[in-house]
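As structure tokens, the structure follows; a few thoughts come after it.
Labels run A, B, C, D and E following the written order; every chain starts at residue 1.
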């Protein structure tokens, strides 16, 4: 087995996307509010991959969709290539759409079952005004080849493909408009383990080949560690910790990150975990805890945690933590 | 013949009102004639005979003053006595409210009480139909207490009749009970006139609007009397628990032509229609068997004193398509304008005649348009001359020919002509019954000459009667005083 | 009441075949599954989606829905009275004595596996009342005790909660409480943590381990996550295409795979320590080519053959037999010795 | 799997799967026969449907008049063939009209959140009227004619379809492929037609079949009450309504059209049921 | 929760307001003149015009609407033109047969439909299921008036067991009156049992596939208990909706059936009112029936609160 070495992302460039104070509230029953995303900030450098991890309901998807304005954000900014996407009129946003794309989690519902693959990709080409005719056919064939499918798959319907193949088509659709930035929302969680690797490899390859910038949303910590240059850890709509993957994984500063890493099962029976650091469930985003949202489950919480919302502090090397006790030495 | 018993009578529906002045509907007349009485009524030969009046009026020589003596000791259902004041108030209400009363009002200059038991009516010209108008049971000149006479619509249903209104549940029943204070005329019963016997304790009129349901009801013996059945169910009813009663002849279906506007304002077209129609097939389709109709052009059938064949030659039982076509051509009809037939299915036989008629009219070269609407719509639309060329209706043989619809200048059809006014005027002014019969022939002649309407023929009516219900005289407006339950 | 079954074995599935036969196709969802589960131990069944894990467990419980039916093989189960039954030959009503009392089951979807219309107390109490002569009061207090066993905080007040008032993790605890209410000797857990977050998953796994120590039941643990297997299992069965491809003690499986499929599974999960070198360069992941074939279109020979890098001509001919491999395991590969 | 030729059959070979179900097959065959009879009426009918022949009235079924004659001497068999034309066209037209209204209302309220509340209330209000009652009132208002019956029934059934469309739209609106289209900047009308409308066709087809059946029944009911299609146009309903008077003497006048209604409606329901089983994912999952 | 009940009540009012408007619009564009009908065939145009004024049929449509809404809000549905009585009174007098007819047919339908639906779902694909489904489908294909006619012909005319029509005379006992409802209720009940059967079957099928039913089985209880306690109670929730819907359908059916059997009910009243151009009656009846439907639905929503702990508005 010979592994291909992929060049890691180019570091230390101006961010392509800078999310600042992103907030998204959904209306809930009886006039209450779901605090899905609350004051989230992070940067994505051109050509890099940023991972967004967190438990279910922590607001990862909502953050990703807000950036593309697939849901209208409640507040904050998303500076993309120098322009605040949130300040654009819907009409202006239309012209930005093809620069930012998204790949979905569910390979089954993300393709219209009544459209042939050619039509699905064609729709994307239409969006950027690609001319009809032979050129388009060639382009579709090219796209299919790019994601590892055969050009004659173009005449088929989605149900004729396996989950992995569908995910490739979803990727091809996103790439059809030649975007600079792609949000990949758990693109492999619905796939069989044996196929996951194929899709991850494809993403890595494409990124290198096309110079893509990737926001990679995932549950699975090991996938993020493998794929991402930087990682953002979210909990209940807020960022707990972010920074270069290597640093975060090697030396997590936030109790939540530590707990996540500790509880992730590792395929190694000799390294069995002995104690469970996190008790209880994630609280409801309808009325999140005061102060630090994590304090209700935090093994290290103190009274002060209920008082103030911990600011996100830079602890060096691009590593940020939102915990008032991050400086204290903890056993 | 003993007192007692309750009968259910199935009627064709719910009467729109229990105020017989306010409506000309037959059903209203049938029900309310038990409750109210008029000054005069008809005997079995359709002659006028006194009811609340003590006797026939004294008519002045010039025919302009009618002096009417009243019976005494008549009580209203509310217990009060009837006197001339009540009669005057009632007649005045009648002239104001009832369509027939309004017609009469044109010739009436005064109604006054000369004493407690005498009333005098003064006219501005001789008017022979007056007594018939006073006798009819629809738009009827009923006598009610004077204190109720100002009401319109009527809310207190108080009359002098043999039965009084006990309870009314619209669409369920109208319950009449014997009026114990009733004072019958002496002597024998004679048609609507003469003595009225109150054998039955109660009479209930049950509306059964669906003809088939009435038939089922008749067959299963649910009612003592079922009115207005489709004649073709005769056999079915014969096999059931009530016996069929055929009223022969009952009335006449008629196609009324719009002489005011449209195609039929041209007399040639009307003549063409007269020639084209084939009563034989129309009646057969409508009534099924010759037992239930007669092909007859005369406006009154044999047996009526008004019967005459005068002028009926254009009436061709099987139609004359060629003659009709020729007439049409003469009239310059090019087939571009449709002949609009307005009809409804309230009475199935209207509709069937219309269907057959349409075929014959088409054969003669007409373009035909059928407007099948509900009866309600029909009664509205027929008043608008712009909407129709022919509409279909029917009528019983009225005791007074001049009361027939087409005789009025204003009734839909709007037949107005010098000839009509001449013959009808003479007929109405003449008070000698014998002379009037001769004058009627001229009226009928005019109808055939000018074709304001087409009489299709005579038809019979079917009712059903329980075997133990006796004493019911077949009549176009059946009545149940004199009727009794035979106990065995 | 027959069968060859080792004394320390509580469940022995022998060449089980469960097929879904319809007019159009025959889906051999389980086609020759063989494994043994030892008393007090946990046997993990791993395999990708559609490999027949659930069908195997439903076959054991007699809960197959039409048109599924056992077409062959034996399911030997040793009850508390040490009697051995062949569940594959059971009539539907025989199962009523076994279910709940001898074998209990928990399911993947905690959100939908509890009846939404009854309180959790009722549902646990019902389980007890079904199998033991208790009155309402006793059933209730037993239910409360079970809730405490599964570490539901403030159990007394949650007893009258409806399932929708609880989080996924809580509901799964309730399911476990219900399953263990009558102290069954075998617990079948069909992917009990798949729908849960990692933090909750860890709690549940931990709970199961402790309850096993306490109640001493055997667990048949179904999952597709090798990490979870490593956490909880004593023995591991790997399934592919309705067949067992490998069985071995947990340490052996992770140390040395005797089947190319198992090997591929382990290799393709990303592992930063292995896949990223010191310079930060990322190696492409190993990936098994192709995808899992539909159960109705399995190749005639070894089910894994089309995706296998070790495949030989012989693999194509007939399905290989399950042969002993390694220290205490079995493998369904003709080249298991070479691996 | 073989490539599929027409886009409408994205659910591969709907028809071919339908005919493998015995009950649906029976339904389809009956429907085909009825439809064929209706289409070929001018060719196979032995007599004229309108020409009266008073002499032949109320003939019992015989070799000469297969199903007998009616009160005006018209051949019942002939009229039934022509009635099939009208009844089927009325039913079909109702479905088409109701679908158009239903799709517009359903898509609007399902896709545009702002429009949802008012349109939903309107739909609720319309659903509050019992169907025949509303149809009677509408036909009475518009005047009794075939067109107006179609319009009335179309209005009556539209809210039901609107609900179906709305429900599906609400689901589809949230699906990732719609979101993908939005992410690509595809204009909303295009999304509505290409992604939403196309995918509501299945429930629409199922519901449409049942509404077809209901419309035939309702038309018969209206005609029976005398507030429907003019009785000189033969429909099964008008034939029954005329035949009712002769239920005893000439039962064939109402029996045969009644039977035709039962058979046609039944076959529509069989087909509808089959379609639902095939298209409704809730039930499809365990087949 | 109280707040959401109030919200629902408000929604109900909005729906009713739309209903009122629809009713008014439908009825007023109707051709045909009640005054002409009332006055009979020989009335003159002047008489008719006078009556129209008296009945309040003059003035602009908007004026009429204003007057109407004003009345409705005060619970005054106007005066029946034809019957010369308040609409509310006319409706009240006819409520009894319609009420009992609806209740009885609903009862008949439910008693047949629930067990059949449950069993045919449980034995899906069995002979029982096939027969039941086919019979149900047959029943749903028969026009109710036609079935009514056949029943009447056989039981009332041939066998004479029942009166063919009507609702008993004056002073008829309740028993006698209800006796008149047997056939119509049977006709309606049979036809509507089809819908409920099919729906029960479908929702049972749905529920029987649910995970908690499998859980129930895995607990080792009897099938009967699984089906009734665990599955049916869940299936009941959508069935409740359909029962509400069926009640509306039954009123529809009652219109035709009451006409066939000559029952003096609301349905019959409406049909004759249409023929009589009795605007206030048509308006009142449509309004009351639609209002009842909205109320029934509201009631069912409230029932959900009882049956389904998940529903907390």
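Note that contacts are C-beta pairs under 8 Å (C-beta built on N, C-alpha and C of every residue); 3 or more make two chains touch, one makes a residue touch a chain.
Heads up on the chains, UniProt names are A, C = Peptide/nickel transport system ATP-binding protein; D, E = Peptide/nickel transport system permease protein.
Computed from a predicted structure; not experimentally measured.
**Q** Which chains contact both chain A and chain E?
**A** Touching chain A and chain E alike, sorted by label: C, D.
**Q** Once you count every C-beta pair in contact for both, which comes out on top, C-E or B-D?
**A** If we tally the contacting C-beta pairs, C-E comes out ahead.
**Q** Please tell me the distance, in whole Å, between the geometric centres of chain A and chain B computed from their C-alpha atoms.
**A** 90
**Q** In whole angstrom, what separates the CA-based centres of chain A and chain C?
**A** The mean C-alpha positions of chain A and chain C differ by 32 Å.
**Q** Between chain B and chain E, tell me the centre distance in angstrom, where each centre is the average of that chain's C-alpha atoms.
**A** 40
**Q** In angstrom, rounded to a whole number, how far apart do the mean CA points of chain C and chain D lie?
**A** It comes to 50 Å between the two C-alpha centres.
**Q** Please output the residue numbers of chain E that touch at least 2 other chains, ranges allowed.
**A** 31, 153, 209, 259, 274
**Q** Among all residues of chain C, which ones touch two or more of the remaining chains?
**A** 65
**Q** Which bits of chain D are touching chain A when the two form their complex?
**A** 1, 3-4, 7, 10, 12, 175-177, 179-186, 194-195, 198-199
**Q** Could you please specify the touching residues of chain D with respect to chain B in the complex?
**A** 51-52, 54, 57-58, 71-73, 140, 143-144, 226-227, 230-232, 244-249
**Q** Which positions of chain E touch chain C when the two form their complex?
**A** Residue list for chain E touching chain C: 124-125, 209-212, 214-223, 230, 233-234, 307-310.
**Q** List the residues on chain B that touch chain E in their complex, please.
**A** Residues of chain B touching chain E: 6, 8, 13-14, 16-17, 22-25, 28, 99-100, 102, 138-139, 153, 166-167, 169-173, 175, 204, 206, 208-210, 213, 216-217, 219-220, 222, 346, 373-377, 379-381, 383, 393, 405, 408, 410-411.
**Q** Can you list the chain E residues touching chain B in their complex?
**A** Residues 31-34, 36-45, 47-48, 82-85, 90, 93-94, 152-153, 156-157, 160, 163-167, 169-170, 259-262, 264, 268-269, 272, 274-277.
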